[in-house]
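Chain nomenclature is as follows: A, B and C, assigned in order of appearance, with residue numbering initiated at 1 for each chain independently.
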Amino acid sequence: MTLAEAAEATGGRVLGDTSVTFERISPVHDAGPRDLAMLVDRRYATDLPGCGGRALLVSEALCGIEDGPADRVVVADPHAALADLLPLLHPDPPRDRGVHSSAVVDPSVVVPGRASVGPHAVVCSGVTLGEGVRIGANCFVGEGVAIGAETVLYPNCTLYAGSVLGDRVVVHAGSSIGVDGFGYVTSGGEHRKVPQVGGCVVEDDVEIGANCAIDRGSIGRTVIGAGSKLDNLVHIGHNVTIGPRSMLVAQVGVAGSTRTGAGVGMGGQAGISGHLRIGARAQIAAQAGVIGDVGPGQVVSGYPARDHRTYLRAMASLMKLPELVRRMGRLERRLDGRDGA
Amino acid sequence: MTLAEAAEATGGRVLGDTSVTFERISPVHDAGPRDLAMLVDRRYATDLPGCGGRALLVSEALCGIEDGPADRVVVADPHAALADLLPLLHPDPPRDRGVHSSAVVDPSVVVPGRASVGPHAVVCSGVTLGEGVRIGANCFVGEGVAIGAETVLYPNCTLYAGSVLGDRVVVHAGSSIGVDGFGYVTSGGEHRKVPQVGGCVVEDDVEIGANCAIDRGSIGRTVIGAGSKLDNLVHIGHNVTIGPRSMLVAQVGVAGSTRTGAGVGMGGQAGISGHLRIGARAQIAAQAGVIGDVGPGQVVSGYPARDHRTYLRAMASLMKLPELVRRMGRLERRLDGRDGA
Amino acid sequence: MTLAEAAEATGGRVLGDTSVTFERISPVHDAGPRDLAMLVDRRYATDLPGCGGRALLVSEALCGIEDGPADRVVVADPHAALADLLPLLHPDPPRDRGVHSSAVVDPSVVVPGRASVGPHAVVCSGVTLGEGVRIGANCFVGEGVAIGAETVLYPNCTLYAGSVLGDRVVVHAGSSIGVDGFGYVTSGGEHRKVPQVGGCVVEDDVEIGANCAIDRGSIGRTVIGAGSKLDNLVHIGHNVTIGPRSMLVAQVGVAGSTRTGAGVGMGGQAGISGHLRIGARAQIAAQAGVIGDVGPGQVVSGYPARDHRTYLRAMASLMKLPELVRRMGRLERRLDGRDGA
């Protein structure tokens, strides 16, 4: 691809030679002579002097930066440009079609023409598969599961009986969906299981990372709203509703029956207690522990989670607390001294 | 099922028409005309005006609540009633028996008459299987593993060689049991592995969530005590003993050689350091980080974990700390002013 | 094995009868009459009076301790001695060789003579396998993956296409390697996926625990440095570099593009934000939440993470804060009283 073509595909412009070509995009510190080096952020500018890339992908704000390749593609947002260019540089490989001979597919299941079922996958009775569905090797798709068009399961996933996945859903390797929730009735110290008979619905355009665990409802349903993205190792408890277009970073946990609004963000390792309501566009900082409702647009952090700025300010003053204790002692002694005088 | 039958099964009573029937139980906000709507808690009472359920399952405390269906089953504890009613409404489906033709079972293994081994499961030599055991698709059961009667493995689980599971154990999808512990000897910055040759014992009536990882002992054993319940994505280190009838919520981690008493509770994402003792019935709050022993019945939270109430009180006063710093400055200036006067 | 032989293998010495024999090594509280009981630490000395072991493995510092077996092997470091003795007591079982008849291996793949591919494993086209590689049951090895000599995959692992594993790597059950990173461009509240086309490199002698998730680079590479050890349920984001010989305890999460130096330690459940640099030999305490760069050799804890001692001191004084607020009020009243006088 030439720099001219890259500029056209991204709505950007070229500084230098428009006919320069590249084969792939690499970070500045890792770029070779056939690469377009991408400068993500000013803090990586220190890597520029040693950059071996043929040309530089850079934002308007940083386009005049001194070091690094002189031939440049200048764009409004390098990340958006990356999303534009990568599909052109790395077109999807041709897909297998059909059912691998080692897969075990119940005879009642209709596999559409462009769909595929990988080696050693198991597809149980009553399953419905949309056009273009791809089921990875060693996946288990339980009885009565419904999977929408163009949805992809990477290898070693388990869909419990009755789970419902929308169109264009992506589930990464090792994830378990529609798992029994953690529901027991305790009496006399013994825990009796409450049967988990509810549903688990993953709406259109959701992407779920590797090794996640998403519970079915106990009664009622667990719902992951359309367009939401879950990173790796995320836990979603029973009867939870995650609103549409939310972002849950790795190792987040959401406990049972909590409902979140649209466009909520949760940083890595954040935890939300059960039976809460989290308003639309709320931001839960990494590692926050939320034990009360959060309003729309609120930004919270810490345990128990509070307003993010208030929390950070309090933690900063906490570091001065030992000094404050000393100052308090001095004040008391001064006052004692005067009173004694 | 009629309301009269439901009342009888739960030891409750009917308000209104005892002959009203329902087919399933649903949360108030999700109930349709064939459903018994279940009101879990007063905070969901706001969903009652729009409730489409045919009747209401409700506690004695809330039985007179205004909105929602007038025909009601009133019980002491709705959750316990749920555990009574669901098995009647959703009887277990008939189970497959026998060994699927695609499973690989060592010829030395005896599969009891009511047991089942799913598609593509692998059962190695020396494995013993109790009556009624069900091994899910794509599970791996290593050499010499012993599995008690009526135990269920959901798909894609791995039991390392020598693991021992009791009767009526349930292991959800993707969990790994009997994994090598994290044991190394470091010298000169290099980490040399200490062979992990100990056992891993999961006692009767334990339930283990999806995508958990439970280590074997290095020497000695890791033990999950009878009747304990582990949620999803829980980590248990080597040589740990979890006492009987404990509850470990999702994403809990317990480091090596820690021993906990009976009936301990751990909230989501709590972590316990290694080589500690946690007393019976202790409660470790969600996200707590425990780095010292905890006495029987103690309730702790925070990092480092302390008495729960003390911690919450301290965190509340922390939020006033910036204001306290200002008050301190004012006091010092007043005293300086007087001393100067 | 006799105590004399054990002393010779560990560079230790015998107290008592050198001809005493044992068959295995056990913790003090669990040792039987054929066992060498191992006393790890003074805090387990309380188990000594009831110890049923035939002899005791103990450090120089504790060798004179009163209770427990009188015949003793005394060593500088019992853990190092354990690493010396266990391979002698528990030699590796003979390994299967060759490809199991149920495995699906692309015809283009060359399987070396001492390598093995387990039941129901899937090995795609373009994969290269080193001598002695062992691929566990139900593993999926994607297109073009390269695996070095003597590397072991336990069952149910997934290696995404193009992943590169060095020599003597160990990957425990259920782990996913080379997963798509969490990369989206958001506009108008919609999240558009940035294709994840980078590499994932796991260098020589790395061990990865069960149910981990390691992302590939978006562009560029994710690298786990040689000799590093990851415990269970660890998450590594895209474009991360983990320096060589590091130790990441269970449930750690490292967000995208962070680079860590050699010999870094991270305690259980610690989290590191994206785009940071962590210096060589830094120690991140359990549950720490790191949101800024950490210098070489620094020890940090808490959220946001700070110097470990400063943080612990601050948390200790925090517990006295409610009392401090009361003292402040008393001081203000005294001063008010005097000013009013």
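Going forward, contacts are C-beta pairs under 8 Å (C-beta built on N, C-alpha and C of every residue); 3 or more make two chains touch, one makes a residue touch a chain.
Owing to the predicted nature of the structure, the values given are computational and were not obtained by experimental measurement.
Colleague: Quick check for you: after a Cα superposition of subunit A on subunit B, what is the rotation angle, between 0 and 180°, in steps of 5?
Modeller: 120
Colleague: Do subunit A and subunit C, two copies of one chain sequence, contact each other through the same residue numbers, with over half in common, or through different ones?
Modeller: Subunit A vs subunit C: different; shared/all numbers falls short of half.
Colleague: Would you mind pulling out the distance in Å between where the CA atoms of subunit A average out and where those of subunit C do?
Modeller: Inter-chain centre distance comes to 24 Å.
Colleague: Note the residues in subunit A that touch 2 or more other chains, in rising order.
Modeller: Only 102, 120, 138, 156, 174, 211, 233, 251, 269, 287, 302, 315, 318, 321, 324, 328, 331, 335 qualify.
Colleague: Given the complex with subunit B, which residues does subunit C contribute to the contact?
Modeller: 24-27, 29-30, 38, 40-41, 43, 77, 79-80, 82-83, 86-87, 89-90, 100, 102, 118-120, 136-138, 154-156, 170, 172-174, 207, 209-211, 227, 229, 231-233, 245, 247, 249-251, 262-263, 268-269, 286-287, 301-302, 312, 315, 318-319, 321-322, 324-325, 328, 331-332, 335, 339
Colleague: Would you mind writing out the residues of subunit C in touch with subunit A in their complex?
Modeller: These residues of subunit C touch subunit A: 102, 104, 120, 122, 138, 140, 156-158, 160, 174-176, 179-180, 182-185, 187, 189-195, 197, 211-213, 215, 218-221, 233, 235, 237, 239, 251, 253, 255, 257, 269, 271, 273, 275, 287, 289, 291, 302-304, 306, 310-311, 313-315, 317-318, 320-321, 324, 327-328, 331, 334-335.
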